[in-house]
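Structure first, commentary second.
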Amino acid sequence: MRRATFRGGIHLPGYKELTSNSATVVLPVPDKLYIPLSQHIGAPCAPFVNVGERVKKGQKIGVGKGFVSAPVHSSVSGTVTDILIMEHPSGSFVPCIVVENDRQEEWAESVKSATDTEILSPEELRSIILNAGIVGMGGATFPTHVKYSPVEGRQVDTVILNGVECEPYLTSDHRLMLEKPEQIIAGLGYIMKAVNCRKGLIGIEDNKPDAVEKMQNAAKANPGISVVVLKEKYPQGSEKQLIYACTGRHVPVGGLPIAVGVIVNNVATAVAITDAVEHGIPLIERYVTVSGDGIVTPANYLVRIGTLFNDLILQSGGFTGETEKIIAGGPMMGKTVFTSHIPVVKGTSGILVMQKKTGKISAEYPCVRCAKCVDACPAFLEPTSLAKLARRRLWKETEDGDVMSCIECGSCAFICPSQIPLLQHIRRAKQAVLAARTLTSAAQ
Amino acid sequence: MQSYFMIIISAVLVNNIVLSQFLGICPFLGVSKKLSSSLGMGGAVSFVLVLSGAITWLLQTYLLLPLNIGYLQTIAFILVIASLVQLVEMALKKIAPPLYKALGIYLPLITTNCAVLGVAIINIKKDFSFAEAMTNSLSHSIGFTMALVLMSGIRERLEEADVPKSMQGTPIALVVAALMSIAFLGFSGLI
Amino acid sequence: MSLKDEFTKGIIKENPLFRMLLGTCPSLAITTSVDNALGMGAACIAVLLASNTVISAMRSIIPNSIRIPVYIVIIASFVTMIDQLMHAFTPALYTSLGIFIPLIVVNCIILGRAEAFASRNGVLASIMDALGMGIGFTLALVLVSSFREVLGAGTFLGMPILPEGIPAILMILPPGGFITLGCLMAGLNKLQEKFTQQEA
Amino acid sequence: MTPIKKLLQVTSSPHIHSTESISSAMRDVLLALVPALLVSLYFFRVPALLLVLSCVSSAYIAEYLCLKAMGKQTPVKEQSAVVTGLLLAFCLPPTLPLWMGALGSAFGIVIAKHLFGGLGYNIFNPALIGRCFLLASFPVAMTHWITPIDGVSSASPLGMLKESMEGSLPSVTQLLVGNVSGSLGETSAVAILIGGLYLWYRGHIDLRIPASFIGTVFVLTFIIAMVNGKGISCPLFHLFAGGLFLGAFFMATDWVTTPVTKLGRILFGIGCGSLVVLIRVKGGYPEGVAYSILLMNVVTPLLDRYTKARVFGREQRNG
Amino acid sequence: MLVAAGSLAAMGAAFGVVLGVAGRKFAVEVDPRVEQILALTPGANCGACGLAGCAAFAEMVVAGEVKANACIPGGSALYEKISALLGADQQDSYEERKIAQLLCQGGYEQAKLMYEYTGIQDCHAALANFSGPKVCNFGCIRLGSCSRVCPFGAIQMGADGLPIIDPYLCTGCNKCVEECPQNILRLVGISHRVTVRCLNIDKGKSARLACSTACIKCKLCEKNCPEGAVQVLPRGNGTVAVIDYEKCTNCGICAAKCPTKAIQIMPQLSTHLVMETTTHQQSGTGCQHCSVCSQ
């Protein structure tokens, strides 16, 4: 069978066997949890509790301002001891609520199981999702209820669940698909109901045959849902590339998937939705892969939001060798952090620890125009030209070269034989173009 | 027919006005930094070149030769070209202001462009008929524009190159011209 | 500025070919042999001298608005005379320089000096300027042509220097002209860089 | 547990990199040239070996001196100059005086590469510039061909075609093996094809250029043969004689001097092919591969400019 | 001979007539001042003014859409001539020459780091990760974006990683100030020699932990200043020492008292050189890459 895929892209070494075959470990809940008030794209939440107050597990402790936001819940019962500014995996400093765990695991009153999920209307489903603080768990952390809000003149006809997990090392979604297939299918059913659509697809790369089989079996429960087996290629899990592979549709430049009648969610998000709809449990825990060559025993964990990276790393036997980098997320798109004293957030799919390897970093050569980046770019850009323009600070020209269409997958920088940090140059150009746009809109 | 074809091939490729006859080097080096300006210059030169080619041919055939004053060729031709350039400039300003804006600043540079006078003289030297002279002028201007446009494409790419300091600017442009000219040697023998 | 300075500036400091990039067309086209270069240089000096003198002398009576056409006519007349003279007395040179003799008319050096110098200065200064510029141009032509003739034909002023089979014919073909001029300019840039560094 | 001793590194993603580098790619190119080299050493013996050594060492020395003069790092691992020297040697007649080979090599490296800033910045293929420089400078020495193994003076196959010596043309099989007179590395189409396919397999070249290049030559010569009433052997002869395969697989695919866009590469190949046929059939030279590639090098910046791919999701119809 | 002279004269006359007629026929109404200004311009069509050639410049100046000093090669001489022609009031108020100053002294030895940055050398790019590699969030990123935008080569990166600004080369063009993402480059008049070279508004303790030469809000400067020119004032969410240049007399007491040397007094600039560079600055020369020189 010809596997569906997109054009461009690269083949990456997987390193997935480190963690893909062992069952997920439930991490012991630590004594203190640091719950950041900003775990989504959009305006940060305001604290809903005061220092010294007692909170219950699943209680709302931060509420968002504006439509594009998601509330934050306490992941344990205990006492709020502090609200402080802390490092955040996104590479910024964010206020965090510190909750001291009283180990009572006492649920908040709002958490109760639903009696009949069949009678829920799309509006009710959306409000449940909003109140459960669910955001895109693949890493983008876009508030999920916003995606489901009807857009004038756009009918969603397909919901795609993203079970691709094309980043090397990461296996949390893979384990989730193996361990909770029924919840994923149920969650997809609720999403389809929330957006009034009959067709659900689950995209999985062909390097996870066990997950494909599990999901195909589970999908028999709902006739509208089918599994799409995709070719193993990076960045297959990128939203626009996934939509193209599954449906053949092109999401227009600057447009959202809804423009072509599609909604994409991560499989982990589907599980969170099932928990919220069926049991009233908000998003307070997630699967996290801890891996990399700098860690003693890589593994997958079920972790409460607000647990420190350090607790996870200790559980995995700690560091080995000389630690060079700690990455929140995968090696292609994840962000490096400078300390392990940093909390797991809703979008943390993995924690990678990289060892220092001698003589690994070779010098940067001039571009030899091999065009491997051009061939690899899934957005059909010319990374080499954009980087050259960015180096000469010709921001306007980079904008004309569609720099804003870059999805920052990193394929260009991975493949470049001259070791040019193409993506970073492109990011810098995007930064400058955005700044210029803000300036012009402010002037108007 | 064959001879017209030969004139075109000869003027555009084999004896390219810039790369092998060394006419019009100044604008070739000066106005080839950007593609847009090289197109403008190419257009302006082509226009003047064809027009002056026609007028000088007529002048030579019907005035200078009958009056037996062929030796006044240089003076007469340069007069024609100078006036023509000025005339074109004025006319464009009035009739087609946008075109004037695009080509205007290049027009004054054309008076002393040896390509224009050079082609006018070549037309006479080769004893071309009027139609042949026109073909020749047009082909030369195409060859000029082509060389200019190719050069500007290369120079825009050289902008990002790490050219040694003393080579920057005109020297590297001359080297590019040399290498282009080597490549164009491949056409020799076509006619 | 003294007359001596007017004379010397054209030779190195404001050399028309290397420093001001004027007259590139003939200096690429006719520098295949030193003979040609000397001939061309002499012709240019003569025209430049004559036109500078006349224009400088007439500068007060030429109306400003039509000065360029007038200059061109004056220059063209002198070029025609030189053309006729060379045709008569140096027929070999005349053939090898060919179309580039009438094209002296549009040599930027001559009109450039007329416009930039002779129209604003006295006759004597203009003569010195013309001599300086002309000699500067001639020296530049000789320099370029020496490289090309020796490397390309193996001769200097027609005298064989290199044995047969050694000289690279390419140097007297068009690409050789471009390369020689480009490299000479780069070399002079480099020299000047060093010179200014030493001064500083 | 090993504690974190030093400050952690913070960088922009991606955090992993492919193992490929410029030197490994250059090694692959050298490896791909080995079959053709062996064939030529077998056919042309010691003179070929000496010429190859002279070109390669001259290129390497020129590269070293240029980098030194410009204050850049010396190319400890960099074989790009060696590739240039080897490619140049491949398109020279085996009897060429050694000093000429060295001169052409140095000319290519200095004028066509380092004056432009060195690796990655050159506009023209240095090896081809070296060859055309030699051809224009020393036309006699550059067109003196010998037969393989016994080394008797003889015209090259394309030269015979040009001079209408059609009776003495070698067979297509001879051309494939390389048992004909010609430039030392160009004669064996099969050996070059093996190297070219290896490069393709390693992902270093895009088959668009060789395919459109060779395809265009075949189609055009086929049409000409049909019009002139000649058989299929004429287009095949044009494919395998001369430097077409070497040019198409190793020089027209040179990263630096060819377009980066996919459409640009196809147009580049078509342009090269058309120019080759034009020069071979109508021009003054029997062979036009080198000139055609150089001429298309001139057009490359414009090709890149006007053949940009349409960005994903821009004005595409859904269906 | 006669034929020659006659025909030449005839030709000349003919072209003269044609041009004359054409001149009348194609006459376009132009403000005579445009022609006059055009005649004054260098005529290099270099585009340094940002317009398409000198003719466009002349038109825009007459239309008042562009200032006469936009012509870089023309310089102050042209500016004066145009001003005289248009009768515009020339600015005669004396403006003190300003040069860029770096308000941070956190070099490699002084400022502590959170992490080691690797990647492209651009301050904006480094800032995207936890507001830069330094513990102090208000200091110099030390990746030299300012030095790369300086059109006059006045900014060199020093051994301690901080940019060094050559006061004689700096023309006060503001390019580096606009570029700096941390806003720690400011244009300061050359007579103001005392500067607080720290913008850290955090509390004294955390500021000191971040950098050994930070403003720690000890207020010694405030207490010792005889003129009351230095004060620790609220800025953003915190406080930092600020000098009121209206009152400051360059006595240097605050600089001497400052325990972390966050306040610095600059040496007096050589007047001769300042004079020279001031005119250089006013005439706006310095390479603008207009290519006039190469033409």
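Order of writing sets the chain letters: A, B, C, D and E. Residues in each chain are counted from 1.
Basically, a contact is a pair of C-beta atoms (placed from the backbone, for glycine too) under 8 Å apart; a residue touches a chain by one contact, two chains touch by 3 or more.
Bear in mind that the values here come from a model prediction, so they are computed numbers and not experimental data.
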Measuring between mean CA coordinates, which chain is farthest from chain E?
D
Among the chains, which one keeps its Cα centre farthest from the Cα centre of chain B?
A
Would you indicate which pair of chains has the most C-beta pairs in contact?
A-D
Between chain D and chain B, distance of the C-alpha-averaged centres to the nearest whole Å:
34
Separation of mean Cα positions, chain E and chain D [Å, integer]:
50
Inter-centroid spacing, chain E versus chain B (mean Cα positions, whole Å):
43
Using CA atom averages as chain centres, what separation in Å is found between chain A and chain B?
61
Tell me, which residues of chain E touch at least two other chains?
12, 114-115, 119-120, 125, 128-130, 294-295
If I count partner chains per residue in chain D, which residues reach a count of at least 2?
6-12, 111, 115, 117-118, 121, 133, 136, 304
Residues of chain B that touch two or more other chains sit at 30, 72, 75, 79, 83, 162, 164, 167, 170, 172, 175, 178-179, 182, 185
Per the touch rule above, chain D residues touching chain A in the complex are 1-18, 20-22, 24-25, 73, 117-121, 203-204, 206, 255-262, 304, 308-314, 316, 318-319
Once bound in the complex, which stretches of chain B touch chain C?
19-26, 29-30, 71-75, 78-79, 82-83, 111-114, 116-118, 121-122, 125, 164-167, 170-175, 177-179, 181-182, 185
For chain B, which residues count as touching chain D in their complex?
35, 149-150, 153-154, 156-158, 161-164, 167, 172, 175-176, 178-180, 182-190
Chain E partner, complex, touching residues on chain A are 87, 91-93, 335-336, 338-339, 393, 421, 424-425, 427-428, 431-432
Contact footprint of chain D on chain A as seen in their complex
10, 12-13, 91, 168, 240, 244, 248-253, 255, 260, 296, 314, 317-327, 331-340, 352, 354, 362-363, 365-372, 374-375, 378-382, 384-385, 401-402, 405, 408, 410, 413-419, 421, 423-424, 427
